[in-house]
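Accompanying notes for the structure given below.
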Amino acid sequence: MKRTIVRYQDSTRINHWFVALLFVFAGLSGLALFHPSMFFFSNLFGGGSWTRILHPYFGLLMVFGFVFLFLQVWRENIWTRNDTEWIRNSEKLLRGDEEHMPPVGKYNAGQKAVVWVFAVSLLVLLITGFMFWRPWFDGVFPIVLQRVAVLLHALAAFALVLSVIIHVYAAIWVKGSVRAMTRGTVTEGWARRHHPLWYKEMRGEK
Amino acid sequence: MSSLQSLDIAARSATTTPTPQAREHVVEVAKLIDVSSCIGCKACQVACMEWNDLRDEVGHNAGTYDNPRDLTPQSWTVMRYSEVVMPSNEGERLEWLIRKDGCMHCADPGCLKACPAPGAIVKYENGIVDFISEHCIGCGYCVKGCPFDVPRISKKDDKAYKCSLCADRVSVGLEPACVKTCPTGAIRFGSKEDMHEFAAERVVDLKERGYANAGVYDPQGVGGTHVMYVLQHADKPQIYNNLPADPTISPMVSLWKGVTKPLAVAAMIGAALAGFFHYMKVGPIEDEDDDGPGERRATEEETR
Amino acid sequence: MEMNRRQFFKVTGAGLSTSTLVALGFSPAPALAETRSFKLAKATETRNTCPYCSVGCGIIMYSVGDKAKNVKSEIFHIEGDPDHPVNRGTLCPKGAGLLDFVHSPNRLKYPQVREAGSKEWKRISWDEAMTRIAKLMKEDRDANFVAKNADGKTVNRWTTTGMLCASASSNETGYITHKVMRSMGMLVFDNQARV
Amino acid sequence: MGGNAAEAHPCGFKWVIEAKQHRRAKLVVVDPRFTRSAAMSDYYAPIRPGSDIAFLGGVINYLIANDKIQHEYVKNYTNAPFIVGDNFSFEDGIFSGYDETKRKYDNKQWGYALDDKGFAKVDPTLQDPRCVYQLMKAHYSRYTPEMVSKVTGTPKEKFLKVCEHIASTSTPTSTMTIMYALGWTQHTIGSQIIRTGAMVQLLLGNIGVAGGGMNALRGHSNIQGLTDLGLLSNSLPGYLSLPTEAEQDLETYYKPRALKPLRPNQMSYWQNYPKFFVSLQKAWWGKAATAENNWAFDYLPKIDKVYDVLQAFELMNQGKINGYICQGFNPVGSFPNKKKIISGLSKLKYLVVIDPLNTETAEFWKNYGEFNDVKSEDIQTAVFSLPSTCFAEEDGALTNSGRWLQWHWKGAEPPGEAKADPEIIADIFHRMKKAYAKDGGAFPDPIVNLTWPYKIPHSPSVEELAMEYNGKALADVMAPPDPKDPKAPPKVLAKAGEQLAGFGLLRDDGSTSSGCWIYTGAWTQAGNQMARRDNSDPWGIGQTLNWAWAWPANRRILYNAASSKPDGTPWDPTRKLVQWNGIAWSGSDVPDINPAANPGDTDRVQPFIMTAEGVARLYAPTGMAEGPFPEHYEPLESPLVNNPFHPGNAKARMNPAARVFKDDLAAAGTPKDFPYAATSYRLTEHFHYWTKNVLTSAIIQPEQFVEIGEELAKAKGISNGDRVKISSSRTTIQCVAVVTKRIQQLDVDGKKVDIVGLPNHWGFVGVAKPGYLVNSLTPFVGDANTQTPEYKAFTVNIEKA
């Protein structure tokens, strides 16, 4: 039986999957409105009008959930010089060569970048989303402002979806990562190999 | 399959494939509003209300003749009254400029460009831009798209509404209700070409009566409109209760609904595919206990 | 690129699921672009004159039904009469809104009486209303009819009941009203021409 | 001027816009407010309400001074050359023959100087100082441009510019029409304002020509019809008039009505009065009207005084009227001084309201809070509300401003138990007739003998009624013996029982019957002429003779023979109307002259066939209550303390012959308490007090407002949209203020005068916002001739609410 280390508490994982699920709903309903080619997603929510009605609520809930998640992880995601170094070498990592990567703590620079992109884009989505949320905020904001808001909302959504794709792929690409979120534990080898500093730290305590 | 064979559709909202356009040799219609002959009697408002079975609520008088105060889902056209003092050959002259506000039926409609719901907004071959309420999802994007701030979303059913240029009457060969009822013939209807000719005559007559800057308002910023004005002061449209001087679809909207979106979709799909092929090519980073490169090095150190 | 068997299934599986998605009817709905159906298609047309001002615009009234017996003809649209030489199909804001006059919530539907001193109406039948009115008029005429004036000249006038006639009613109504009321000797008798 | 066609008659105003677009016509508007008509005008000038005669008198003075007169027209077709009698005079605002106690003129002193044969003397050279032209010139010499500007408040250069526009139409080839309405009629000097306008048109030669004329834009759709049918206190159908007490027999009755011509060989058509009168009596009383009983002359009530509406409500307030029937009329809304109207109605024993809609009059007894604060229990009037049909639910004919009788068809059944008016009237008649037949009563004869030939007695059909007022031959109608061939057997013009084709066939021997002689020809043997719908315009000047039928004899422009020079050739060849082609009069209209009357004769038949003079009357010896020449008098309630034309003479401040009762004269508001000139008027979105029951009209003009100029608003601290209180000497009302540039402050007689505009469409019944009846403010005073109340000029005060 490989020895495992606990990476995420149960509450964090539930929180993560809550946000992930809502991202799927908000994302799909958002994409339905994003481009005609994906409008058929609106059938998942009971048609165009329901998509337009539900999407803001999904988004709101997602942001609500994300806030808790963010509060738990933001400390480990502060950007350090080490992360810039990691980024510079990430090009090699992509080609599968892990040796030259600097030792990484609980989160490597890629993961940190993803978290921060999530945070910023969700913030923008929240703010601009309110500005053209029909019908509750119909007459509140001038049309000129709403036009800017709609554009920013689309850009932020694009950034969010892109970073989610990267986030999901990274998890699949680095075998053994998914279980961190599904069961909360990782194998010692995984920890030693990918997050040596975090591994030492965990062993130190153990 | 459009059930409207007689009036083909030139453009349809949120539709990336072209609409059936074999029959494009269709007369483009236009409604000409000659503000210099308009007595502001609001017969067009009543005819529009009555034909389309709309009844707004009885509002209040807020110090002007403008009733209702603004376009609403139940008022698809309203008269805008402005009292301006303009220079004339006999010194200052008070003028009461009354403009019939409503959808301009643009050649390049901002509402149609902004609308995310397929088939909710259509532009017919004869130039009429119409809202197909059954497809409308009530998102309000058309309000952002329109350079003239015309569409209104109803609180009752979350559907967008605006003047339809009586597409139902025009499709069976009748003129719109407001055109027929206009007592002084200030509203005319016909082919856009004829309307331009008639407008030119009116401009000549107005110039003779001392309105040097009389002209036709058919803004090219939106590709020309199928509702045109003859204005006594065409050089200053904004005095007609801020009729935009050079209306265009806002750059925000064209950016938002222009080429960026397809690229963004492509980028997203591209990212997913890139991930997939990357996985194929580079293969996953395995999570075996001992034979991983990084893994080997780490184990050697502790086990020693 | 070596794709082992398991991965192969994964890829084809994803492709399979989306296509079934489409097959389950998630394909974009066939878009109907239909204008509102033309509401006057089979209506009955009747020519009339606008009752408001004296320009006398010609109007066409469209009513439900083709005059079949079981249909109570209901006017649902009124438009200008294009043949009329004065208005040529145009109508002013009042004329264009005639439909709301015909169907006004304030249209009276049955005879009512307000008794002396009371605060509200009481519905009564035509017969009772007309009997009382005729009685009141006859009593008043018999009591106050002046056959001869102070210096003996025959005058045959009744000035204690007056009438105001509608300038929006037809010539025929005006004619019969004048004929009946004048035959009773009524002098206090006018119409809107007075204001 | 005196009318706002763009708002009150929009579809008629279309033709002003057409004239502007096709004939490059100029539209000049003179109005206290810059109305929506003014918005379309080429030139606009403000004017103080009630000073129209000063303005028009100034125009007459300008035309004469600058010789902008169509001399040939004036010399031949007006009574300018007529010599006026010696005892006509005019000093300090009062004409000769004024009785101050009765506030009446005796017009015998205004007659022409007659020669031995009873014809009026004339001086074709117009030099005789007593000829009408010279007297008129002298009379209006006082109306200098400076004086006009002082009285009307119109800046002098604007007044002169308007005169210039008007003067440009004095040539035969260019013409002008005056479109006036209540702006001129609703004054104490209303009739004289219209006469002054007519005099201006006569000087310019614009009467009887295509595109000219005095166009009265009448109010209701059938006000013309009901006036033609004589539904007025002193009238009978066809503009015949009821006998007065003094006329006890036919002879004295006919004498002042069947006018003998004052000039040789004039048609003076009224001399046929007996034919029209006898035919009417036969239509109403059939066999009971015989030569022996003077054709049932005594069946008609005889007049002691004019029982106009103001008189009626004065009598009501004195308790002298017990019953009142309001058929489609809303006096509580439309009559002045609402308090007096309500107090009058409250003294009635019974009130019957026959109306398709609920009205303020029907509910005058109901307390509607501030809008109608009455105590129901004190009002002892029994009120009957009978539902009647509206236009869409009845067949029949309406007569429009152009005298066209247009037939309309029923399109729907009436709601609920509503009945058509003829049915309701028939019901009253039958019950009265049965009661009189059974129990007798006062003078039952005219009721029991009334002809009732209708197939369905309780519901006379409109077809039968139309045929009845058209008239038919009771016996064969013979042509008069032909002078050339006296022996020839007389030709039968119409067989017994046939519908008559024209009033030329009416006889005074009882062989013909016609309910209204001027309508003869509406329903002939050839059927219902009023239902004709051929709108062809063969002459291209808008003459559609085959559309419906116009009285008299389907003529569309009256006095159209005046559209030709004295020799019969048209003034303006491009717009011919009716001209003499050597044998007969013909043209694009039915000639308004004997077709065979050769203009070449020495005493040719003149175009104005209805007047005794045969020509138009610049000087009116009879017919006007306050003088042969119009003179400016101030309204009852004027911002000025005196009449600037006659500052010294208090008797000449207001129209000396105006219809006013003592208590109202005393209660009039003084300039001190009520300094601002007010006028009440209509908006295009509403029709009086009727369309506040109509949802579409309520939506486009929902709430009562008052219009004031920016200067007055600043002075009173009122900003746009505020609620304000407007008070007159009768009451105070509240509404929203619309502050606008369209009402200008005028300086009048050295004083700044502000104008307050009061649209009068709101009340306490209806779907629009409830409002005050504006006629609570207006004074209880009327015009001298028509008794039309003075809604257009009174004074108010205004405060922020």
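Per-chain numbering from 1; labels A, B, C and D assigned in written order.
We adopt the following convention: a residue touches a chain if its C-beta (ideal position, glycine included) is under 8 Å from a C-beta of that chain, and two chains touch if they have at least 3 such contacts.
It should be emphasised that the depicted structure is a prediction, and the values quoted were computed from it without experimental measurement.
**Q** In terms of C-beta pairs in contact, which of A-B and B-C ranks higher?
**A** By number of C-beta pairs in contact, A-B is the larger.
**Q** Which chain wins if you rank chains by how close their C-alpha centre is to the centre of all protein C-alpha atoms?
**A** C
**Q** Determine the centre-to-centre distance between chain A and chain D, using the mean Cα coordinates as centres, and give it in whole Å.
**A** 84
**Q** Could you put a whole-Å number on the gap between the CA centroids of chain A and chain C?
**A** 65
**Q** Where the CA atoms of chain B average out and where those of chain C average out, how many Å apart are those spots?
**A** About 36 Å, centre to centre.
**Q** Can you list every residue of chain D that touches 2 or more other chains, as numbers and ranges?
**A** Counting only residues that touch two or more other chains, chain D contributes 10-11, 14, 684-685, 695-697, 700, 767.
**Q** What positions in chain B touch 2 or more of the other chains?
**A** 15, 41-43, 45-46, 49-50, 118, 135, 183, 185
**Q** By residue number and range, which residues of chain C touch two or more other chains?
**A** 28, 78, 87, 90-93, 95-97, 99-100
**Q** With touch defined as at the start, can you tell me which chain D residues reach chain B in the complex?
**A** 6-7, 10-11, 13-14, 17-18, 20-21, 24, 34, 36-40, 42, 44, 161, 684-685, 695-705, 720-721, 736-742, 767-769
**Q** Could you pull out which chain B residues touch chain D in their complex?
**A** Listed in rising order, the residues of chain B that touch chain D are 37, 39-43, 45-46, 49-50, 55-65, 67-68, 75, 83, 85, 90, 94-96, 98, 183-186, 202, 205, 208-209.
**Q** Which residues of chain A touch chain B in their complex?
**A** Touch residues, chain A against chain B: 2, 32-39, 42, 47-49, 51-52, 94-96, 98-99, 132, 134-135, 138, 143-144, 146-148, 150-151, 154, 158, 161-162, 165-166, 168-169, 172-176, 187-190, 192-194, 196, 199.
**Q** If you look only at chain C, which of its residues touch chain D in the complex?
**A** Residue list for chain C touching chain D: 44, 46-58, 61, 63, 72-75, 78, 83-88, 90-102, 104-121, 126, 129-138, 140-142, 144-145, 147, 149, 153-180, 182-195.
**Q** Going by the contact rule set out above, which residues of chain C touch chain B in the complex?
**A** Residues 1, 3, 7, 11, 28, 30-39, 77-80, 82, 87, 89-93, 95-97, 99-100.
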